[in-house]
């Protein structure tokens, strides 16, 4: 589903990761680990095609993936259902009931997003992944501001997604309760000093 | 695309969306100018086409900086970039939504303001026609400026610095069409040129806007 | 050897360091020669008197104001197509120079216009077009200054330069449509017949050549400064990485 070959990524022109190579099959989930600044977000954004790779190859169909970042892309004046229906429509889908149900938002569906708590907003943001109908989910710290019960909901939704032949890459610090997850520690791929000084190397 | 259009319109109309702000501003201009230059009808009727066009221009400028900035801040723009919607379409739809929410009301209210400024009766048709044909160009050029400045912390000022010079041709042909129309002269030529600017902008600027958004998301 | 080698910053620095004294020296010689010749060794115009001599500043700076924008357009296109940093930086370097020439053109025009037309400023198509050109320069420079990431800034300003060129061009014709004016036709043109007699034309040509070289000198200098600034940034980034 996704193959990465000798990938190097940069943040603000400074290389942060290099020599990355991995493959992800359908039905599998991969957890990215690494301290702050290790390049988890940068890697996910590069995989999502939001920024160009410094070098290397990403072999994936851009039409199968979707991305969830630190911000949820919610509009405060729209209701929960309207927010979700919009993202479904953008992806050519129309069903939102299952996603509302999966993240336990059905009771909140007519509430404006502005009136949600931080955790509820996050749940809505995660439910968005499901209405896209895309099979590869790239998630950046999906569990921020979620309580234990919501983390459980998220884990269940993710497992359901995998069971249907989906795949996911999750950058996270906490244990998602997914023993089957492959773990990719980004530490060893930290860009070497030769690469780190490579900012604007053409000028040196 | 239709979903995005509906969402943008809905956002603009709901509380805090700023709908009507441009309209109110347009009205202010039409009221303040006579207070500044004096109540003499002959003078007002002579400068009315220009005042109305400058007012429409500034009113449409007012809401431009929200066009992409809000979606950029809350992450929607990232999500749209990975969605099946091409950014070119996003830019075009955003410009269309801006025009429907800002441009169309300006067109509709303009005859009323023409009365305030003693516009010559022959000029009303031309005023409405010129604004209807020219205001899409204002939204499209503005959309391009907004796309360029979306990543900036204080983009609003630079946005106007970039967009206003590009409004010059639209302003000139628009005001000229009304002026000639009001004077009973042949006004088709500026009107057609105005339409040409709008059509050309619609054909080309969404691509430039999408390129700018892509560079800003990096 | 291909021309693109000069797009390498190191090669550019070497070549420009070698070329700069020659270009600047020649610029000074031509400017001094052209201006002295023009001011002191040409007769007064039978209609305009001595005021005509401001032509030696007015015409070349107006020409360079337009040429600078074209140079920026070329630099922007090369950056967008081939991603050569130096090309984007020359465009950045040319903008304030172009704006300065625009201002000189406008100010000398006002000084010339006052005794001729009896007014410092008229909304004449040529004057208005130049004023609008100045506004385009302002927007472009402001955008460069506002964006922190240099590559993003280069991308965005290049797109602005391309779109802006189209709109600047349209503005020129819109302004002509709006008002046919007082200004005489172009004083210098390739097809021109009876415009400027040789008595004025030869020193004027020398002045134009001097202004071109002055422009090249300034752009080279400014580009070198920009490259050095980027080099310092890169060095700081490297030191931070090592530390």
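Just a few scattered comments:
Here the chain labels run A, B and C in written order, and each chain numbers its own residues starting at 1.
Heads up, the rule we're going with is that contacts are C-beta pairs under 8 Å (C-beta built on N, C-alpha and C of every residue); 3 or more make two chains touch, one makes a residue touch a chain.
Keep in mind that this is a model prediction, so the values were computed, not measured.
The innermost chain, defined by the distance from its C-alpha mean to the mean of all protein C-alpha atoms, is B.
Compared with chain A, the chain whose C-alpha mean position is the greatest distance off is C.
A comparison of the A-C and B-C interfaces places the larger number of contacting C-beta pairs at B-C.
Work out the mean CA point of chain A and of chain B, and you get 37 Å between them. With centres taken as mean Cα positions, chain C sits 48 Å from chain A. As a whole-number value, the distance joining the C-alpha centres of chain B and chain C reads 32 Å. Along chain B, residues 218 each make contact with two or more other chains. Multi-chain contact residues, meaning those touching two or more other chains, occur in chain C at positions 149, 151. Residues 132, 135-136, 138-139, 142-143, 146-147, 149, 151-152, 155-156, 159-160, 162-164, 167-168, 170-171, 173-175, 177-178 of chain C are the ones touching chain B in the complex. Residues 12-14, 193, 196-197, 199-204 of chain A are the ones that touch chain C when the two sit in their complex. On the chain C side of its complex with chain A, the touching residues are 8-9, 85, 149-151, 227, 230-231, 233-235, 237-238, 241-242. Of all the residues in chain B, the ones that touch chain A in their complex are 2-4, 7, 10-11, 14-17, 71, 73-76, 78-85, 217-218. Chain B makes touch with chain C in their complex at residues 141, 144, 148-149, 151-152, 154-155, 158, 161-162, 164-166, 168-169, 172-173, 176, 190, 193, 197, 205, 208, 211-212, 215-216, 218.
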